[in-house]
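Below is one structure. I have some questions about it.
Letters are used for the chains, namely A, B, C, D and E, taken in the order the chains are written, and counting of residues starts over at 1 for each.
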Amino acid sequence: MGALSAVFGAEAVGEATAASGWFLENAWLIWLFPAVSFLLILLFGKRFPKGGSEIGIFAVGASFVFGVATAIQWISEVEGGGSKGAEGEYALGAGALSLAAEGESSGGVSAVSRSITWLTNGAESIGAGILIDGLAVMMIFVVTLVSLLVHVYSTDYVAGDRRYTHFFAFLSLFTASMLFFVTASTTLQMLVGWELVGVCSFALIGHWWEEKPNSNAALKAFFTNRVGDMGLIIGVSILFFAAGTFDVIGVNEAALNGTMTHTVTLAAALCLTAAVMSKSGQFFLHTWLPDAMAGPTPVSALIHAATMVVAGIFMIARLYGVFFEGYSIGGSSLNLLALIGGVTTLVGASLAFVQNDIKKVLAYSTISQLGYMVLALGVGAWTAALFHLFTHAFFKACLFLGSGSVSHAVHSFDMKKDMGGLRAHMPHTYRTFMLGTLALAGLPIFSGFWSKDEILVGTGGWGFFGGTDANGSYTIMLVMGLVTAALTGAYMTRVVYLTFFGEYRGHGTPHESGPRITAPLWILGSLAVVAGFINFPPGFQLVPESWREKFFQWVEPVGVSYFPSIKHATPSWSLAIVSVIVALAGIAAAAYYYFVRVRAVSPMATELPNGPTRRWVLARAGHSVLVNKYYLDWLYTRVIVGFVKGPLAKGTNWVNQHVIDRVVNEVGTRSVQAGNVVYHKVDQLVVDGVVNATGKISDASGEELRRMQTGKVQQYAAIMFIAATILAGIFIIVI
Amino acid sequence: MIAEHVAFGIIAAVMVAAASRVVTTRDIMHAALYLVIVLAGVAALFLLVGAEFTGITQVLIYIGAVIVLFLFGIMLTRSDFGDNEDTDYKRKFPALLTAALLLAVMVVALVDRFGTEKLPDDLSPQTTAQVSDELFSQFIVPFEAVSVLLLAALIGAIVVARREEGG
Amino acid sequence: MYLNTMLLLAAVLFCIGVYGVLARRNGVLVLMSIELILNAVNINLVAFGAFHATVVGQIFALFVITVAAAEVGIGLAIVLLLYRNRRSINLDQVDLMRG
Amino acid sequence: MFSFAPSLVGFVRPDIDWHAVAPELTLLGVGAVVTLLDIIFLERGRAYTSAMAGIGLLITLIPIVTLAAQGTTREMFGGAFVVDNFALVLKAMFIVVAYIVVLLSTNYIAEGDYWENEYYGLLLSAVLGMVLMASARDLITIFVALELLSIPAYLLAAWRKGDLKSNEAGLKYYLMGVFASAIMLYGMSLLFGLAGDTRLSEISVALSGGDAEPVAILGIIFVIVGFAFKVSGFPFHTWAPDTYEGAPTPVTAFLAVASKAAGFVALLQLVYAGFGSRDDVYEPLFWILAVGSMTAGNLMALRQKNIVRLMAYSGVSQAGFMLAPLAVIGAIGDEAVSAVVTYVLIYAAMNLGAFAVIITVARRTASGEISSYSGLFGYAPGLCVVMSLFMFSLAGIPPLGGWFAKFAVFRAVVEADTAWGYSLAAIAAVNSVIALFYYAKVARMMWFEAAPAQADMSALRIPPSLLAALGLTAAATLLFGIYPPAITHFTDGALIALSY
Amino acid sequence: MAEFLNDWGLSLATFLPIIGAAVMLLIPKENEQLHKLIALATSVAVAVFGVLLLIQFIDNDDYGALNFVVDKSWIDVIDSRYIMGVDGISLPLMLLTMLIVPLCVIYSWNHFPEPRNPKAFLMLILILETGMIGTFAAQDLILFFVFFEVVLLPMYFMIGVWGGENRRYAAIKFFLFTLFGSALMLVSFLALYFLADPTMVAGELTRTFDMRLLPDAAAGIAKSSQVWVFGGMFLGFGIKVPMFPFHTWLPDAHTEAPTVGSVILAAVLLKLGTYGFVRIAIPILPEAAAEWAPFIGLLAVIGIIYGALGCLAQRDLKRLVAFSSVAHMGFVMLGIATLTDFGINAAVFGMVAHGLITGMLFFLAGSVKERYHTLDMTRLGGLLVQAPRMGWILGFCVMASLGLPGLAGFWGEFPAILASYNPAEVLAEETFRSYMVVAAVGTVLAAGYLLWMFQKTAFGNPKDEFANDPNVKDATFSEYLAWVPLLILILLLGVYPQLLFGATDPAVVNSLSECLESATSEACFDAAAGQ
C-alpha cells in the first residue's frame, strides 16, 4: 500500500509530517467514517439530492485520505526507524511512537496497537482495537481506493435503481466492515469483521431480490460462508485457549515460541483453513462465488474481486505464525494450504474457459487468482502473496468494472449473444480492459507480471536452474502455477475476442459509458500497469537499488516476535522468461483459434461451427502450411481446446455443477428433509406424542376408575369393607 | 363355671343361627323377629358378664324401641310380607367372600392376641351406680352431646319423614 | 371363661352383619343388618370392659346403643322418604348419580 | 332417697371448667334459640333465622378468642377433653366455615322453600359436633362428636325432599356413614380392649413397645378407615361424588369443607395422641391412602362434566394431599400437624369460595354442568376472576393460598428425609400437575369459550350474603397466599402441638 | 435519593405494576383509553425506576455483590424471608423486563387481539411484570418460587383468551408443563432447606432459604443427595427454558399466543429457567452441577440441532421463530453447562440478546399476521416490496438472530461455543469439545433456516392474493415506537458488549464455586465439603 503513497507521495507529504503518529494511532477513524455514513444513508439518505451517494463518497473519500496519511506515516516509520535502512527520501520526521507498541521489536518495526476493553469475562478484559502495521496499511489503501472508485462508478451504474440509496448504504457498511476487519487487533474482531462483510455480500448479491435466482445466490453465498465460519469460530476458540488471548500478536507469538503444541497449532490452522476456503472461494467451497455474480457489477468488483474475497488471504497473512508452524511450511515440499491453492488455481482457470457470461469468466478467474495467493502463502512466499493481492485488486477491479461498463451498454452479460466488436463503440472501456487483461495474463511491465513471478519464485521449485533459497521446494506448485499462467492468458484472450472483436451481435447501438464510469476505469487501468513497480525484485538491475523491494520493506514485518522468520527466495531471470513464454503460448493459442480461425468463419461467429473435434482438426490440418503454425494449431485444438476446454474443462465443469455444487444444494435439501423428518416424525409423533399419550392414559385410567363408581350404594359398601379387610390383612401379614 | 360355659354356648349358638336367618330369610317380618332373638341374646350375654345396666338398657332400647321402629318402617313402606324374591341380590358370592375374608382376618388377629386370655373368674356385676358415677363425671360432655344428638335426630327425622303439606 | 369366646362370637356376628348389608336389597333389611354389626361391637365393648374390670366398656356400649337408636331412626326416615318418592325401597334402584 | 346415699360415695362431682366449654355451650344456646324461634314466632320468624344463626356463630367466636387470649391449655376429665391451641384454632375455623355456609344458605334455602329453622338448627348441631371434636381426646368423645356432626349432615343431604337426587344423596351418605362408623367402632372396641381405657393417652401407652400385634393393627386400621371415609380418601370416597351432586349445594360445601376438616381433626388427634408409637402401622397406611387418593381423585376428576362432581373428586385428591403429612408424622411430629392444619384452613377458604361461585352461577344457569360456565367472562367478569382465583388456588398456583398449603405438605414430607417421604413428594408433585388440568378446564370454559347463543347475557346480580361469602373467601385465599404468616401464625408446629 | 433507592427502589419497582393493575380493576372496562394510559404510565414508571436503579447501581459500583438488598421477615415459620436484591446477573434481565413491558403496551395500543378487552389484557401484562421482576430480584428460594409461579396464570389466560385457533390446547400445555417442573423444583428447594447445614441468621442458628447463604450451607450435603436435589431443579428450570426434550410446549404456546404474549414469553419468561440455573442451581450445588453438566450440555446441543431441524420443517413463520428459541436456548444452556465464567457470562448475554431479538421477531411476526392474516410462508413473499421498512427490520433481526457479529446475538452464541472448548476443569474436555463442534454446526443451520425464512417472506414479489391488498402497509407509528428501542439495543450491545459483560462478569465470577476448577468431581466435592 505504501506503493500508492509513493505515487501520491508528493501531495500527502505535507499533511503527514505535521501529524506524525496521529493517523497511526487513530486508524479506527478510517472505518468509523463509512460506518457513520452507513447509518446516515440508511436514515436520511433518501432526503439528500443524490440519494445518499454523496455521503458515501465523502466518507470513503475521507477514509481514503486518512488511509493514505496513515500509510505515509507508516512508511516514514519504516524508512526512518526501521532496520532496513531505506533512504531519507520518505523518512519524513520519523517521530518515535509514544504509544503502546506491542510485539517485541528485535530490529524490526513494531506494529501500532491500541485497544479498549470490549468485554470482560472471568475478570479478564478482552480488548478491541487497532493493529496497524504494513499489512494493515496496505489493505486499508487497497480497500479505500477501490471502494472509492466503485462508489464513483456506481453513481452512474446503478443510477435510477429503485434501491439506489440502499445500495450505497451497504457499500458504506461493507467498506466499514472490511476496514474494521483489516485493522483488527484481535482474532475476535477479525471474526466480527469477517462475518459482517459476509452479510454485506449477502445483501448486495441479493440486491435485486425480486428474482428468485438472485436471492438464492445470496443465500448460497451466505450459507457457504457460514460453513467456513464454523471453522473460524472453532479455530479462534482453539487459539484463544491455547494462547490465552485473542490478541493477534499474542496468538502469533504463542504459535511461534512453542507455547502451543504443534497439534493444537495444526488443529487451529486446519479450522481456519476451512474458513479461508469458503470466504476466499477455494476449491471445493468456491461454488458460491460465480453465483454471487448475480449482484450488481460494482459489487462484484469491490467485494467479490478486490477486497472481501481476499479476507481469507489477509487472515492467513495476519495469523501467519499459526499457519507457518501448523503446516510446517518451512523446509517442506507439500502442504495442505499450498495444495488447496494449487488445485483452486487450476480448477478456476479451466472453468473460466467454458463460461459465456463475462462476469462468470472473471469470477472463475478470481477464484484462480485467489488460489494463486493461497498457494503463495502455502509455500511461504508471504510478500509475494500480498503483493499479488495488491496488484490483483487493481487489475481485477478494472476488469470487472470494464465488464460492467460493457453490460451497461449492451444490457447483458452474455458474451456470445450480445457482445462482439465493442472495441469500436467503447474505446475507453476497451483500452482499460486490455490493460487489465495484460496485467492478469502476467505479461512483463504490467503489474500482474511482477507479483506472479514472485510467487513462482517463492515456490522454490525452480531449483534445477539454480537455487533460490526459498522456504521449501514446492515443485508441484510451480508446475500448477505455470499451467495456470498459460490458461489465464488463453481464457482472457477468448474474453477479449468475444467481447471487443468480431462484430456486434446484440441489439441496438452500444454507447461508451459516461465519465463517472470511465474515470475509475482509467485509474484502475493505470494502476494495473504501474502497481507492480513498487516491488522490483532485489536483483533487478534496471532500476536503482533504492527502488527495489519497497513493498517488501513496507509491508512485511521482519524481525518481530509475532512473525515467523521466513526465507526470501532469490529471483531468477530464467524463471521469469519461462513464465512469460508460457503465458504467451496460452495467449497465442487462443488468439490463433479466435482471431484467426473463428474470425475466418464469420465476424459474428463465436466458436467454430463443428466444434473442436479430432476429425475436424485432422481435416483442417492438411491445409496448414507452416509446421510451426500447425503445431500451435494442434497444440491448441488438441491440447488446450480439445482437451482442456473440451473434456477436461467440461468434465471439471460437470463435476463442479453436478457434484460440488450439487453437494451444496443437497446439503440444503437434505437438511430441510431431515428437518421435516425430525419435526413430523420425531417431534410431533414421539416427543409430543409421549406427552399427549400421558394425557390419554390419564384419561383412560380415569375412565376405568370411574367404572367403580356405579351409583349402587352397596357396591360402594363392598369396596369399603373389602378395602378395609385387605388393608388390614396385608398389614397383619407384612408387619 | 360350667353353667356359664353351657349358657354361653347355648346363647351363642342361638344368636349365630338367628343372625344368619336375619340376613337370609326372605320374609321381612321373620327377619325382624329373628333380630329380636339376636338382640335378646346380646342382652343375655351382657348379663352373663355382669353388665347388668347395659343388658337392661339393651332390652329396653332395642327390643322396646328399635324393633318397634323397624316394624313401623316395614309397614309404612308397605313391604310385602311373606316369602319375597326381591329381598336379596341374586349374586351373593361377593358378599359372602367379603364377610368370610373379614372374619378370617378378625379371627387371626383375635386368636393371636387374646387366645389364652380369660375373663376374671369373679365377674361381679358392675352396678348401675358405678356406671352412672362414671358416666356423669368422666363422660358428662359426650353425654350432653348425645342428648343434643338425639334431639337433632328427632327433629331431623320428623322433618324428613313428614309428608309435606299438599305434597 | 375365655375372653375370646365372646370376641369370636362378636366377630361372627359382625361378619354376618356385613354379609347382610351387602347381600340384602331391601333398605329395611340392610338397616337390620347394621344392627347386627353394632351389636357385635357392643359385645366386644362389654367383654373388654369385663376383662379390664372397668365400667367404661359398658358406658361406651351405652353410647353406642343410644347412637344406634338415633341412627336407625333417621335411617328409617330416609328410607321412608325414598319410599314416598319412588314407591320402592330396593337400594339397587337408587343410582341416578354415578360415574 | 337415703338408700341411694351409699352408692353415691363413688361419685365425685366433675370439676368443670366452664370457660373451657363456653364455646360449646354458646353454640348449644344459639341452636336452641334458633329452634325455639320457629316454635314461638312461626312463620314470622323465618326471615330472622339465618341472621340469628350467623350472629350466633359469630358470638361463639368470643369465648374462643378469650380462651386464646389466656393461652393456657385446659384439660378436663383426665385428659379426655382438652382445650389447647390446636383445638382453638380448629374451633374457630369450624365456626367461621359454618358462618360462611350460613351465608351461602340464606338465599338458597329461603328461595328453595325448604324447612328453614330446622335447617339451621341441624347445621348448628353439626357444628357443635365439630367444635367438640376439636377438643376430644378420648374414643367415646370422638365417637359421639363424630355422630353428632354426621347425623344432622345425613339429614341435610336429603333436605330437598322432593328431589330424587337429594334423597339418593342422603341415603348413600347415611348408609356409607353408618358402615364406616361401624368399622370404626369395631376398631375402637379393639383399641379399648388393648388399653382398658378410652383416653388416647392411655391407648398410646398400651400400643407402644415391641412389634405391632395383629389386633392393634386391626384396630388402628379400622379406626383410620372410619375417618378415611369422613375425609373421602380413596377407596372410601365413593359416597362423596354422589352425595355432593345430590345434596343441596350449601350442604355440599359444608360437607366438603367442615365435615372433611372434622375428619382430619379426628385423625390428627388419634394418630398424634393415640397411635403415636405405632408409626410402623399407620405411616405406610397413610402413604397408600394419600397416594391413592390424590391419584385416583385426580384421574377421575379429569372425566367429570358436572362441576360439583368435579369438586368432589378434586376433594378426594386434596384429601390425598392432606393425608400426605400423616404418612411422615412419626418422623416429624408437630410439623406434620402444622402442615395438615395449614392445608385444612387454606382449603376451607378456597373450597368454600368455589362453592360460593357455583351457587351463584347456578342461580343463573340452573345447571351443574361445567359447560354451562361457558362465556361467564362475558356476563360476570368479576365472578369469573374470583372463580379462577379459587380454581388456581386449589391447583396450588402462587401467589394464591393453595400454593402455601401444598408447600406446607411438601415441606413436611421432605423434612422426613426418608425414601417414603421423597417418593410421596414426587408423586404429589406429579399429581399437582394433573390436578391443574381439570381446574384449568373450568377456567378455560369461563374465559375462553363463548356463551351459548341464546344465553342471558345481562349482568348477574349477586345477593349480598353471597357477595359477602365470596368476598371473605377470596380475600382469605389471596391473603394466605401472599402473606402466609397470616396463617402460619396460627399453625406453627410448636404452637399447635396437641396436648394429651 | 440514594438511600431511598437502596431501601425501597426494588420493592417499589416490583409491586408498582400490581398497583397499577389494582387501579385499573376499579375502572369500568368501557373506559378503554384510560386503561391504556394507566397501563402505559405504570409500565413507563417502572421503566423509569429501572433507569434510576441502574444509575444507582452504577453509582454503588459493586456489580458482583447484591445491591438494593431488602431483608424483612416474611414466613418465619419456615424461615423464609422477604429478601430482594440484584447483582450484575439479575439486573440486566430485570431491566430487559422493564423495557419489554412498556413496549408491549405501546405495541398493543391499536392492536388488541380478539376478543379485545384492553382492561383485562393490560392488567394481565402488568401482573406478569410484577412476577417477572420479582423473580429476578428474589433472593429467597420461596420468594423466588412464588414469583416464578405468578407469571403462569396471566400467561395462561393471555394465550387462552387472546390466542389463535388452537389456543386451549396450547395454553393448558404450557401451564401443565411448567407446573410439573416447578412442583419438582419446589421439592428440591425443600430438600435443600432440610439437608443444608443450619446457618447463622440474625444471631440464631437456623435453616434457611436464603440464596446468599445456601452455597456455603449446602456444601455439606452428601453428594448423592445433591445430585438428586439438582435433578429436581433441573426439571423445573429445564422445562421452563425449555430444553430438549421438554420443549414441546413452546412451539404451541408461541404459535397460539397473541403477539405481545409471544414477545413476553420469548423475551423474559424463558429466561426464568436459565436464570434459575445460573442463580440457584449452580452456585448452590456446584458439585452436583459438575455431575449433571455433561448431560445438560448434551441436551443443549441436541436442542440446538433439533431446534434448527424443527425450524427447517416449518411453514408457519411464528412456529419457526418458536423453534428457533429452542435452538438459541440450547446455546445458552451449553454456556451454562460449561460451568465456566466465560460460558455463564455468555449465557447471561445470550438470555438478554435472545430476549431482544426473538422478542422483535415475534413483534414482526405479529405485524405480518395482522397485515396478511396468515403466517404461512408459502403464501407470503415480497414483504420488502410492500413494506420495505418492515422487511429490512426483519432482515436485521434475522441477522441478529443467526448470531451475526456486531449484533447482540453473537455475544451469546460465540462465547458459549468458545467456552465449551475449555469447560471447567472438573468436566471432561473431550465431551465438551464434541459439543462445541455440534454447536458450531448449529450456527450454520441457524443461518440456513433464518435466511430461508427471510427469503420466503421478504424477497421476491408479493403473491397475487396480496399484491393489491390495501391492508398491507409499512410499519406504523406505534410499531416503530415499540421496536426502535429494541433495535437500538440489539445494535448497541452487539457493538459494545462490555455494556453487559461489564455488569455480569463480576457477579458470575462470584457465583462460581472454586471447586469447579478441581480435577475431578470427587475432588471438587471433597474441596467443598472441607470448606
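Points to keep in mind about this one:
As a convention for this text, contacts are C-beta pairs under 8 Å (C-beta built on N, C-alpha and C of every residue); 3 or more make two chains touch, one makes a residue touch a chain.
Since we're looking at a predicted model, the values are computed, not measured.
Looking at the partners of chain A and chain C together, the chains they share are B, D. Among the chains, the centre nearest to the mean of all shown protein C-alpha atoms is found for E.
Counting C-beta pairs in contact across A-E and across B-D shows that the higher total falls to A-E.
Greatest centre-to-centre distance from chain A is found for B, with centres as Cα means. Computed from the mean C-alpha positions, the centre of chain C lies at a distance of 64 Å from the centre of chain E.
Centre-to-centre spacing of chain B and chain C amounts to 7 Å, using the average Cα coordinate of each chain. Centre to centre, using the average C-alpha position, chain A and chain B are separated by 104 Å. Put simply, the C-alpha centre of chain C and that of chain D have 25 angstrom between them. The residues of chain C that reach two or more other chains are 7, 14, 17-18, 21-22, 27, 30, 47, 51, 56-57, 59, 63, 67, 70-71, 74, 77-79, 81, 91-92, 94-99, listed in rising order.
Shared interface positions of chain D, i.e. residues touching 2 or more other chains, are given as 140, 143-144, 147, 151, 154-155, 158, 161-162, 170-172, 175, 179, 190, 193, 214, 217-218, 241-242, 303, 437. This structure has the following touching chain pairs: A-B, A-C, A-D, A-E, B-C, B-D, C-D, D-E. Contact residues on chain B toward chain C in their complex (touch as defined above): 1, 4-5, 8, 12, 15-16, 19-20, 22-23, 28, 31-32, 35, 38-39, 42, 45-46, 49-51, 53-54, 57-58, 61-62, 65-66, 69-70, 72-74, 76-79, 86-89, 92, 94-96, 98-100, 102-103, 106-107, 110-111, 114-120, 123, 126, 130-131, 134-135, 138-139, 142, 146, 149-150, 153-154, 156-158, 160-161, 163. Residue ranges of chain E in contact with chain A, taken from their complex: 173, 177, 245, 247-248, 306, 308-314, 323, 340-342, 345, 382, 384-385, 395, 399, 402, 404-406, 410-411, 414-415, 417-418, 421-422, 436-437, 440-441, 443-445, 447-449, 451-452, 455, 458-461, 496-498, 501-502, 505-506, 508-509.
Partner chain D is touched in their complex by these residues of chain A: 695, 698-699, 701-703, 705-706, 708-709, 711, 713, 715-717, 719-721, 723-724, 727-728, 731-732, 735. By the touch criterion stated above, chain B contacts chain A in their complex at residues 89, 94-95, 98, 101-102, 104-105, 108-109.
The residues of chain D lying in touch with chain E in their complex are 338, 377, 381, 388, 392, 395-399, 403-404, 406-407, 410-411, 414-415, 417, 422, 425-426, 428-430, 432-433, 436-437, 440-441, 443-444, 447-448, 481, 483-485, 488, 491-493.
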